[in-house]
Each structure stands twice: as C-alpha cells, then as structure tokens.
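The structure is given below, and queries will be raised subsequently.
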Amino acid sequence: MSPLAKLLEAALFASSRPLTVGELLTLEPEAGETAVRAGLAEIRDAYAAQDHGVELVEIAQGWQFLTRREYAEALDRAQFALRPRRLSPAALETLAIIAYRQPVGRVEVDEIRGVDSGAVIDKLLERGLVDVVTRGEGLGRPLLYGTTPQFLEILGLKDLDELPRLEELSVALRPPAPTEPE
Amino acid sequence: MSPLAKLLEAALFASSRPLTVGELLTLEPEAGETAVRAGLAEIRDAYAAQDHGVELVEIAQGWQFLTRREYAEALDRAQFALRPRRLSPAALETLAIIAYRQPVGRVEVDEIRGVDSGAVIDKLLERGLVDVVTRGEGLGRPLLYGTTPQFLEILGLKDLDELPRLEELSVALRPPAPTEPE
Amino acid sequence: MSAPTNAVVQEQSGFVVELEQFSGPLDLLLHLITEDELDITDLPIARIADQFLAVINELRLNQAADYLEMAARLLRIKAQLLLPRRLGEDEWEDPRAELVRRLLEYQQIRELVDWLGHAAARRAEQFGRGFRPEPPEAPPAPLVIELNDLLAAAERVIALIPEPVLHRVVPRPLDVEGATARIETVLATRERCGWLDVVGDHPTIVDVLSAFIALLELAKRGVLRLSQEGPFSPIVIERESPREAA
C-alpha cells in the first residue's frame, strides 16, 4: 500500500467511529482531498482482494473499518465486543419523524405520534442521535431538533439521502403543507 | 487468509482489550489451540508482508492490533485536530445572554430562554468560557456569572467593549437599568 | 424491529403508556383497522370507537390521557356523523377527515420505522473497532466560536422575549360566570369529565383562567370534586354527589 494509504489505515483502525475525508485530511494536509480519496479506495480494495475479516465501509459521511457481516453471530456469542443498545419502537418512531421533518419541534412530533414524546426525545438527545439545531418561529420560539451523524452511524447510512423517499412508501400521503387548518 | 484467521481477525479488531488464546478459542472451540495459534501467526505475517499501517502484536499474554509506531506522532497530532468543537445553539444562546447581561444569575437566564439552563451553564463553566464573578442580592444570594478572558480570546476580542452593540437589543438583554416595573 | 415482544416500557412518570403492542392511541387504532381489514378512508367510526373503548378498558389504558383523548375524539366524530345532514349541503365536511389524515400519516411513519429498524439491525451485524487508545495528554480540541454565531444566538434570544415589554393591563375581564355555566352543562349529562371538556378546543388564556377559577369556586361550593393522579397528570372533574337521574 502507498505510504498515505498506510497512514489512513492506521488512523481508521485507531478510531472507533467513522472519520470524514476532512478529518483524515488533517493527518497530512498537503496531501490533498483527491489523494486521500484515492488512498481510501486503495485500502478498501486491498481488504476486499486479500479476503479479510474486516472491511472498509463508507458510512455516516465518513469511512470506518467494520467486521464482516458473516462473523456477527460468532462475535455476538463470544461477547468480546459491545453490541449497541437496541432502540425501542417509540424511539424509532420519534427518530423517523425527526429524520423526515427536520428541523422539527416537539409539539409536531407529539401530534404525529399522538402521545407525549418529551421523555423519548430526551433519551435520543442523551444518546446523541438527535440534537437541537435551531429554534422555530412563533410563540416561545420552540427548540427544533434534527438528526446527528451518530444517527447515520447506527443505521449504517452514508447520508440522509439514503433514507427511503416518501413517494416510495406504500402509504401515499399528500405533502403535509396544504391540509386544512386544524 | 484462512476462514479461522479471518474470524480471529474480526474478533481482535472488535475487542476492546487484548484477547488471550484461550478467549479466542471460545469463538470456535472445536478448532483447537494449535489451529488458533497458527491463525494468529497467519494474520501477523499477512499484515507484516503486505506492508500495512497496523500490526498484530503479542501483548499482556494476549494479542492485539496496534497501529505502527511510526504513525504515533501523526495520529497524536490528529487526535486533537480531528474535531474542532463548536458550541451547540443552546450553549451559544446562554453564552450570549451571559455576555450581554453579566453579571447574571441562572434564574434570569432560565427566564429569558424559557428552559432550564443549568446543564448548559455547567458546560460553559467547564470549558472556561464563563465563571462565577460574584453573588447577587436577595434570597440565597445567587451565584452570578460573567464571561472569562478565554471567552474574549476565542472570539479574538480585546475586551468586552468590542462586542458589537446590537442597537435592537431589547430591554431584557440590556444591562438591568431602570426599566419599568412589570 | 422484530415482533413486538419488548417488555412494558415506562415512558412517563408513573404511567405505563406504552404496552408491548402499542406505542400510542394511533398505533392501537391502526392495529384495529388492519386486523379487521377496514378501509382507512371510509372508517366505520361507530364500530371502531366501540372496539377502541373495549381494548383500552381491557388493557387498563383508560387512565392514560392520550388514549382517553382519542376515545373522546372518536365518540365526538361518531356523534357528528349522527347529526342529520341538510340536503344540498355541498360544503359538508366529513368529520372523519382529520382523523383519517392523521392515521395515514402515522401509517407512513410506521412503515419508516420498519425500514429504520431493519437498517439498524443490519448495521448491528457489524462491529467497529473496540479498542480505544487512551488519548495522550493532548490539549482538548480547540473550541471554535464565530462572532456571527454568537450574534445570531443573541438575536434568537431577543426574539424569545415576549413582545410587549411594558406591562399593559388588558381590559378583558375573566368570564367566570360563563365558564361556570359551561362546566355545569357538561356535568349535567356526565358524572365526570376532563379539563379539555370544560375549556373547549382552542382555549385562550382568558378561557383557561376563567375555567380554572370557576372550577375552584365550584369545588369550594361542594358542587364538584377535583382530583389528579399525580403531578402534571390530567385533572379529573367529578360531580360531587351523584344526582338523582336527571
């Protein structure tokens, strides 16, 4: 592997979260973004070709080494690694709404779910899956929430564009804007 | 690499500590210790021969992947260069209130923001951006906060007078001059 | 996510609002609808309302405000549908419309939840690097604050401050009498009711205050009794002494 690729490999190996191209660039700023991208491709291909137990994956707007899927069960059984906690249905519901409506306020989430979502949102904040991104207009200027890179990370998504488009869903829904006032 | 070596590689990568041969054996008990040792040697040699940025090292009676020594410096440097931290909107709002209204108590900050600001103020204290400057009059002699020299330094300001005067600053953000009683 | 076998989750202080099957009243409704293969856009409200009430009684959800509110909504729609419609009334708006819209929207969310749950499960088949080297004694990451960001924050804060800075007395008296009459009307037909029943759908602050004072006054007079399950839980308004059948 090229010297730059080896340096990138070391950095990616040392990190327990995805690193963006921008972050990797700080390792050797004069290398330039193109070279970093080429280095990443070089590593990915080398690991694929040499048939390894880990692979380099593009995720959460960055890159990360992950173990290959086929070892999931064996690693799970051996418990050397920590499995992330599962999300409750309520948490997933709230995340789905925040992901699609961001930036969105708590009242809107409550309305769509039909239940109070304050406690769930607090938990998602605590886990770093959503964050306050701005404040809305109107009375009290409510806090508006959006998803974080960690959200992409736990779902294994490259970016938000990988979420299914609403038109692709089997439930057709008119865009939320032009409904009658409530 | 052999299937066993790939499984060992995945386990060593995902584990948060060095793994002993005995522990690795639990991944596939029927493989036998000799095969596990052979697998470990296979991984070590593969990483050495193909010229990687990481190496498999025998350490503390176990085995662990470590980045190569020659990258230590670059990685250390990147460690803090990786994520220049930014303040959350909530922290910025709180900081703005304290900057323009200092010395100011927590209750007052809460009132202006309409939410509990205790945790945010604690973080600002931790980061050295604000500090307790005095105690207020009245019940419980509340702690009053103000900004620190570090706050000025990060913003590149000589002193607080260099903070832009917002002509439209409304009464609540102006120094508590003789406003009319509510 | 896999089959709904999760243990009971206690989401709110004291209340078990999320049973293993349902994450809320909309979820329950949707469940009833799909179970009976009903057409969402042409809901048989009377039937659904009865089933909904039966289920929340059975699952003891009948103390959770969210479910109660939905039950009340269903009954109201049922009642509205029973009202005679005048002929030639083109502008008639189906009272079910809003509920149907919400159900469709919620159904869409459930579909996304399935997708997200599946994606999370797939991601969980892969493990990231477990070893985290102790960060060397490096200085903490540099903090970046742009003056513009600070000013933008200041502006947001300014906008938070309520409009009229000077206190002005608004010559709008509370309508305690009106509120009292309203409460009495509600309690004439029902043994107990909730806060929302006495303030109406879109109460102004004056409505809320009026109703509140009226409630306290009526409670003092011994006409009704107020109770609350716990802090911040819905206020229950009950007739003090059950009258002879009216």
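The letters A, B and C name the chains in turn, as written, and every chain counts its residues from 1.
Everything below uses one rule, namely that contacts are C-beta pairs under 8 Å (C-beta built on N, C-alpha and C of every residue); 3 or more make two chains touch, one makes a residue touch a chain.
All figures in this text were calculated on a predicted structure; none of them were measured in a lab.
Farthest from subunit B in terms of Cα centroid separation is C. Taking the mean of each chain's C-alpha atoms, the chain whose centre lies closest to the overall C-alpha mean is A.
If you average the Cα atoms of subunit B and of subunit C, the two centres end up 37 Å apart. Each chain gets a centre from the mean of its Cα atoms; for subunit A and subunit C, those two points are 30 Å apart.
Rounded to a whole number, the gap between the C-alpha centres of subunit A and subunit B is 18 angstrom. Residue positions 13-14, 65, 67-68, 75, 80-82, 134-135, 140-141 of subunit A are each in touch with at least two other chains.
Within subunit C, the positions touching two or more other chains are listed as 127-132, 156, 160.
Against subunit B, in their complex, subunit C makes its touches with residues 127-132, 135-136, 138-145, 147, 149-158, 160-161, 165-167. By the touch criterion given at the top, residues 10, 13-17, 64-65, 76, 79-80, 82-87, 89, 92-93, 95-97, 99-100, 112-114, 127, 129, 154-156, 164, 166, 168-173, 179-182 of subunit B touch subunit C in their complex.
Note for the complex: subunit A touches subunit B at residues 1, 5-11, 13-14, 19, 23, 26-28, 46, 50-54, 65, 67-68, 71, 74-75, 77-78, 80-82, 131-135, 140-141, 143. Put simply, subunit C touches subunit A in their complex at residues 1, 4, 6, 9, 11-12, 17-18, 23-27, 66, 70, 97-98, 101-102, 104-113, 115-117, 119-120, 122-133, 156, 159-160.
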